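In the two complexes below, chain A is the common chain; its partner is chain B in one and chain C in the other.
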Partner chain A sequence: MRKSFLSENPSVLWFIAALGLFTLMVTLLSEATGAGLISTSFVKTLGKTLCLCLIAIAMDVVWGYCGILSLGHFAFFGIGGYAIGMWLMYARTEGIVLESLSGQTIPPTPQEISDAIGNQIFGVVGSSEFPLIWAFADSLVLQLLMVVLVPGLLALVFGWLAFRSRVTGVYLSILTQAMTLALSLYLFQNDSGLRGNNGLSGLQNIPGFESTPQSTIAIVFFLISAAALGAGYVFFAWIVSGKMGSVIKGIRDNEARVRFLGYHVESYKLFVFTITAVISGIAGALYYPQAGIINPGEIAPIASIYLAVWVAIGGRGRLYGAVIGAAFVSLLSSWFTGGGAPDINLGFYTIQWTDWWLVLLGVSFVAVTLLFPKGIGGLFDYLVRKQP
Partner chain B sequence: MRRFFYAIALCFGTIMAAQAQELQAILQTHADEIAKPSRKTVNVALEDLVASGLPTVPGFLEAWVEKSVWQSSDGQFFIGAVEDDQINLRDVDSGAETTADKSDFKQLKPNGGVRRVIGTALVQFQLSDDNLTRRTTAVASIARRPAADQLAPLLASVEGEPDPVLKARKIQLANFLSTRFADNPEDRITAINSLAKDTSVEARSVLNQILQSSSGVAPTEPEGNIARILDPMQAPDAYYAQLVEAGFAPARTGPPVIRAALEANIVAGRVGNVPLAQLGTDAARERAYAALAKEGLAPPLVTTQTRDHALGEYVFYDLYDEPNAEITAAAEAALASVEQRVAFAQAADLALDGLSLASIYFLAAIGLAITFGVMGVINMAHGEFIMMGAYTGYVVQTFIPDYTVSILVALPLAFAITFGAGVTMERLVIRHLYHRPLETLLATFGISIALQQLAKNVFGTQARPLTSPDWLDGAWVISDVIAISYIRIAIFVLALLFLALILFVLKRTRLGLEVRAVTQNPGMAASMGINPDRINMLTFGLGSGIAGIAGVAIGLYAKVTSEMGADYIVQSFMTVVVGGVGNVWGTLAGASMIGFLQKGIEWLNPSNTLAAQTYMILFIILFIQFRPKGIVALKGRAAAD
Partner chain C sequence: MSMLLEVSGVSVSFDGFRAINNLSINFAPAELRAIIGPNGAGKTTFMDIVTGKTKPDEGHVIWGDKNISLLGMSESQIAREGIGRKFQKPTVFEDQTVRQNLAMALKNPRGPFAVLTHKKTAKNAARIEAIAEEIGLLDSLTRPAEELSHGQKQWLEIGMLLAQDPRLLLVDEPAAGMTVEEREKTTDILRRAAETRAVVVVEHDMEFVRRLNCKVTVLHEGSVLAEGNLDHVTSNQQVIDVYLGRSHA
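Up next, the complex of A and B:
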């Protein structure tokens, strides 16, 4: 089975090889493990980009293969980030609090410790009580379980409700967008229990590894992200190939016909929606320790639309297209908005890319949709097919 | 109420009868207090002056307040005005004018506190002044600082009040004062009962002042007008703190107290014979503390049991400041009745709020009802058309300073500009994507972010003002509880106009007929001689143009920023979806539901509009599960897909 799967999908091997080569190169050039030609912050950017590629292939499976334009997958990404962030923040604050309390003559009671941690974390929103959702924050294992379970359950319930009542197409997009908006608005409140618009911060400090330099942590996270992307790629390639993949693609092309053939369309859609949500959560849990901070603004509906933009530019319906799109657009975006791109002097007006990048992105997006519906990945296909 | 009031007025009026006397003589009796007044002593002089009833008193008091009373070296008082070295003097009684050398006279300069006391005395004269403004000011000053001694003069002045509005106000104010300061308890109760229908803030505060109470604790139930006996078990810790404050019980030994006591009594690494290292739990700490308490090194431990026992020994109560129980009972009853009325009024106010929010949503969504609802085109840049309309209004205002004219120019101009933008967009982009709705969504989203950033580049990131004309300022105040700003009324009217306009265009015109034909079956429509391209273009332009006009209206009510469109886009889509696609009435129903629902949820949790929005969206998501086609679902052939 495995052999035939790989031989049927040569692109998987190509992708794994390319990813491996890239990872090896970055490792050899990084500060911690190699020549030091790549700065730690750029290693982090690359690591974050790999996480974005992972959620992009999830998005590609749900949209490009199954035809569900979900504008809510970045919400699952954010939930994953919050879940891991809770543990990171709790464990680190606990370490700090224990250290400061150890100087006292009388050993602290568990109540005192928890009060002090609560004060540290929630002082910023004028509270010191631990909300119920932090009940498992002291356990890494349970929070890692949350990374998978919370997005999965949310997607399962939401998807079950939506697919059951046959909400499809644009309506489903608007509904998922509404879900994202509701979640981000909820998190913006101070009494949401997740520090309102302050979000969770200091996530780049990994408890237990305080003395490890950030350059090492960065490269470790980069490698984990690369491994996750590779595993995710193989996993999704396996899902979309074979008989099940054909059903999924059939649903995209003509849902009614697949239903008439006797397939239970809702179950397939629900499965794809949920499994991609889980992978999105995992991607988020890897992304935010590298970003260092998560706040409700990250979950805003616009982020999920950008995700769709990456996939569309990269080329829907091909996994490597999603990876190319996410990597290309997000790196280009940080190059333009970070002031890396040179200003263009037109004589009467100077185009500053920090101001004009979004205009360029918007226009090029329209152009891609209209002129190259297959995206960059389509170009790739064209070249590959031309060679032999 | 009126009859009661005149009865009181009559009996006070007789007291005001005055006996003839010279003002200067009275002034001389109190020469010291008047020349060097203090807030305490000045009252004696003022009482005599007021009691004299002389017509010259108010003039003198006014002059005194204005620091134009002068005292001669032999102690006589004059009203004077300085002119170079000379001083023009006026006799306080006869009013005869003389001129004298300034050096022989001393000016009286009462301080601020004294001037206020004089002012209060002056009020009763001003109440019957010939000048309406002065009378109004006097009444307002009584309303600001009500006092017992103002009741009599206020009542006395009502009879001769020529202005009907002010007279009504005086009667109302006299009534308020009577509830607290009338001598006779029956009169007070009558006055209180008359307030039972008055929902004004002022009347409620009067009743609340009567019902002011102070809480206390005592071993037995105290004498006096007890408002209520409290149950300390409702919040034992808070009540125990009150007990401690009153000195009836020892302070609570909470964890911090125990900790401090333990830290203070460490002997050779042990406290109360418990090793320090074991003190990491509350139980161990309490054990160590108990040992300390046994040795007398610390006050005994107050456990939950001892606390509850102590609370049971004492009576916690609220005591009315007003001693007469009948009056407080009447006030309670009146307040209950007032509050019931206020609740009704608040419900009405809430309904108005909901209505105005609904009309804003309707206005924002009505353009979408055409482009998305009728044509089925997802236009994510719809919010940016709203923004373009608002910026058009702003730019027009920078050229035309008259706000009324500029709004009248801006409305059609905004329509024209966004109509043009809509048509351009339809021709260039949407036309090619009619069969790929999801891609329309993404392409228009691209246009949306480009337009937003363009607006940011052109107009900057800060909010631009769009000022409404003067006649739209202010609010229509129905009562102290119900009020609605004119601008919201205008938006409501505008929403109604649009509803009528769109229904007319769609149902009664040739264009509307062709639009409906093209949306139902473009092929069949084309074979009937309708040009679907042209109709799609015009329809999309119409929807966009209406978004532009909505933008001007929303800009008047909210700030104009490059992100204002994005704020409305998700809500607008939900309005259309909830209402039912393809039907303008559906959009109206959707906007009403969302508007009223949001206000309703906000009312349940007023501190948190974010939570209200969250719950509302969740509700909508659930609602769509049960009615996927919206409130007004199309049936038959029109609902083909």
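Up next, the complex of A and C:
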């Protein structure tokens, strides 16, 4: 069955080949494993970009294929990041605390160790107690489970309530914005248990690999991210092909008709919403160890809107379009806002791209939506169709 | 004879306007029926009630051999019970092929996980081809539905209804916008379908109804005004006054 699925969708093979080639090139040019032409920080940027591509294809499935314009999927991305960040921070702090206490003549009690770790982590918000949500923070396996379960459960409950009431269109978009805003505001509070606006930091240090250089850690995370994107791509391509894809696209184009065909539309929407939320969580869990820090600002409403912009610019309803959009726009964004683009001096006014990039992005979004509704990915259709 | 669908004493109001007023109407397991009536007679609302889109204020809608009530069931449940509906405007999935449209409608398990693990079988392919042949689209199976002509889209939608294998087909103005030959073909499809199931056609066009040559129910102001063969109802003075009188004057 898998064979027939791939042979019916040659674009999946093309994508995997391109991704493999890209991964190989970066590996060969990186500092840790190759010629050293690509700096470690740029390897991290590329690895993060792959994670953004992964959440972008999830967004494309929920919006481009199923027609649910969710403006809250970055909340799931952030939750995935927080879930893995809790373990990273706990385990690393535990290591440091144990080392500093090891010189004492009287061995420290478990309570003393716990207090010392709590003090290290929560001192910044004036506390040393471990909140309840950190109950599993000492277990990598359980926190990895949280990466999947928490976004999945939140999406399941939220989606069930919203779809059951037949909230659709712009109203659903507003609800999802409210969800991510509420989560972000909650996390900004110092007593949220996740260090308020400080967020979780030092996530680039992987416990157990203290002596491994960052260049190696960077390339390992890059490779894992590439594998995750490849697997996610094949998984979503499988979902949207075949009969499931027919039903999902049918819901996008005419929900009522699908209902009268006997399909329980709400179950399908809930399935798509939840599965994409889970993949978004996984993408976040891979992103933040490469970013090194996560704070509540990451899941502000604007982040989820950017996500929709990437997918729209890349081309909705085609998975490679979402990848192109996310990679292109996010890399361009860091180039412009990172001072890479030279300022333009007009004599009477200097265009500083750090300020004007957003204007440029906004204009391109409007232009793409009005002039090229199929986005950059639509160019491929054009090229393919031109061939005899 | 036991009835397939019994609608009795159904009323529904929208903002004080009584769209359906104490309507009672029955359908046998295998019959072809035309429902006619002027605009606002309640034809579409009647279909909305039977298919679960609109909940009536009062009355009963009883279905099938087990006499279950359709009220309180969702649209998709009612569709799975065996009631298919064709909309007035042809609504097929434009960017999917004829085969995909038919495959989606084909009677198979409807749950997300059954659909996700659905495998193409020779049996399903044969059913799709048989239906495509019936509606005259066998040569167009791989074409996207958006490329079809208006009439072909109407047939595709009827084909999707047949693929659902319903016991009752509700068909809203199937002949609208069709050429004379297309109408003839549509009539044939519907009459053949009615040999094994109930087919209810809502229609404005008297010529098309005459060609169907079946029992006719005239709706007016949300209830049944007259019922019988076409000649019988068209000679009814009340029907002439409210409906025919206006269009044939």
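Simple rule for what comes next: the second predicted complex is superposed on the first by the 387 of 388 C-alpha atoms of A that agree within 3 Å, B and C clash if a C-alpha of one lies under 4 Å from a C-alpha of the other, contacts with A are read in each partner's own complex, and residues count from 1 in each chain.
Rule of thumb we're sticking to: contacts are C-beta pairs under 8 Å (C-beta built on N, C-alpha and C of every residue); 3 or more make two chains touch, one makes a residue touch a chain.
Values in this document were obtained by computation on a predicted structure and should not be read as measured data.
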Which of chain B and chain C A:356 touches, first, second, both or neither: first
Touched partner set for A:182, first chain B, second chain C, both or neither: first
Touching partner for A:239 - first (chain B), second (chain C), both, neither: second
Partner chain in contact with A:223 - chain B first, chain C second, else both or neither: neither
Partner chain in contact with A:379 - chain B first, chain C second, else both or neither: neither
First, second, both or neither for A:109, with chain B first and chain C second: first
Chain B versus chain C as contact partner of A:148, first or second or both or neither: neither
Chain B versus chain C as contact partner of A:341, first or second or both or neither: neither
Complex contact set, residues of chain C against chain A: 51, 53, 74-77, 79-80, 84-85, 87, 91, 93-96, 100, 103-105, 110-112, 115-116, 118-119, 160, 164
Residue numbers on chain A that touch chain C, as the complex places them: 1, 239, 242-244, 246-247, 249-250, 253-254, 256-265, 267-268, 271
Chain B residues touching chain A - in the complex, by the definition given at the top: 255, 259, 262-263, 266, 271, 276-277, 279-282, 285, 378, 380, 429, 432-433, 437-439, 441-443, 445-454, 456-457, 566, 570, 573-574, 577, 608, 610-611, 613-614, 617-618, 620-622, 624-626, 628
Chain A - residues contacting chain B, complex: 69, 105-112, 158, 161-162, 164-167, 169-171, 173-175, 177-179, 181-182, 185-186, 188-189, 191, 301-302, 305, 308-309, 312, 355-359, 361-366, 369-370, 373
